[in-house]
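Please read through the structure below; I'll follow up with questions.
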Amino acid sequence: MELVPGNSLITASPQEGRELAIAIARKTIGAIQPDAEVRKSLRPDYAEDADSLTAAGHVVAIEFATIAAANNYWR
Amino acid sequence: MELVPGNSLITASPQEGRELAIAIARKTIGAIQPDAEVRKSLRPDYAEDADSLTAAGHVVAIEFATIAAANNYWR
Amino acid sequence: MELVPGNSLITASPQEGRELAIAIARKTIGAIQPDAEVRKSLRPDYAEDADSLTAAGHVVAIEFATIAAANNYWR
Amino acid sequence: MELVPGNSLITASPQEGRELAIAIARKTIGAIQPDAEVRKSLRPDYAEDADSLTAAGHVVAIEFATIAAANNYWR
Amino acid sequence: MELVPGNSLITASPQEGRELAIAIARKTIGAIQPDAEVRKSLRPDYAEDADSLTAAGHVVAIEFATIAAANNYWR
Amino acid sequence: MELVPGNSLITASPQEGRELAIAIARKTIGAIQPDAEVRKSLRPDYAEDADSLTAAGHVVAIEFATIAAANNYWR
């Protein structure tokens, strides 16, 4: 199963880094719960719950910190 | 969808870095839940709940850590 | 709205760095929930709840990590 | 009990680094709860719960940050 | 109010660094809830709750990460 | 009370570093709740709860990040 799209943390810009952070976070959920039907059924549980959305955003923030460091912050 | 306003982590000051941190955190929530009406309906759930506000502030703190490092802490 | 008092992460000592961490954390809550009356009404919810206090302390710890790095740990 | 497969944080690629992050996170749960039957019985509790999946993905993100730094981000 | 005992992050050893991490975490709770009677009344809420203890240990881990970096990991 | 076994963060391998991370996390819980009987009574609360195990694994991940940095990632 592909866990890191492109198998690299290097991106051309912060925007692409952020997209990668979201993608990596989602791939990990897919690795833990491989059943796409189950994942789909769970979507309303978090996409319509403020705290769940915050928790999901929290994970993206951590993935992005790693990707940003990998890219020397695109300075 | 724009995830990083200005497509850069570099800001002129800590104040602007903090504003960027808040903006990035919000953009991510918008990416996960693209329906603006749903997001609006959820706002009272967290804006009037102490623990939800703390959780939101937590995410901003993490985004800011990344932005601060990107800017060499504006030393 | 002022998000970083003094618009700098540099402080004279760890004590002042810790005070800044608390101040920054609070300013962010103020940015997310600008209504001071609402914030005041929420205070008992977290100030008299052990887990809420721990969560608030958690955010301060993260803000402080950033400030401490900015100051080269006041070595 | 083996806690770090291969006893090394060095991997050939981000993909393998991510796999190691997931493996390390799981090994730690195994160390805290060594009874495989209990762990198996708990699986539906988190694999079919959106917030539990997010929390598990959060831990993987932190493990990955360490592994990515160990590998100089596979630059 | 004293937030960082000794007003320094430098300690002689990891043991002392850990003690400082616990002390700093507690001082912050004291800053957020200055009423010692309230804090005392809340103690059973977290000291006899597994998840609350884990959350408290989590904060100490973060404070310790900062202190350990400040001390170049006592290498 | 001993908080860091061996009073050092330096270990011979990632495996030993992980063992130290688990030990440090447990010692901190022991410092916050010194009564061994209470700790023992709480064990089923988290060892048989998926979210509690994830939370415990989260703390170990953070402790390990510090130990891994201290050891230059055993490169």
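The first chain written gets the first letter, and so on, giving A, B, C, D, E and F; residue counts start at 1 in each chain.
In this text, a residue touches a chain if its C-beta (ideal position, glycine included) is under 8 Å from a C-beta of that chain, and two chains touch if they have at least 3 such contacts.
No experiment lies behind these values; they were computed from the predicted model shown.
Of all chains in the assembly, none touches chain C and also chain E. Of all residue numbers used at the contact between chain A and chain D, under half are used by both chains, marking a mostly different-residue interface. One rotation lays the C-alpha atoms of chain A on chain E, and its angle is 180 degrees to the nearest 5. Centre-to-centre separation between chain B and chain D, using Cα means, comes to 27 Å. Chain A and chain B have Cα centroids separated by 16 Å. Across the assembly, chain F contributes 51, 55-56, 58, 62, 65, 69 as residues in contact with two or more other chains. The chains touch one another in a closed ring; read from chain D in the direction of chain F, their sequence is D, F, E, C, B, A. Residue ranges of chain B in contact with chain C, taken from their complex: 13-15, 17-19, 22, 47-51, 53-58, 60-62, 64-65, 68-69, 73-75. Across the complex, chain D meets chain F through its residues 2-4, 7-10, 24-25, 27-29, 31-33, 38, 42-43, 45-46, 51-52, 55-56, 58-59, 62-63, 65-66, 69-70.
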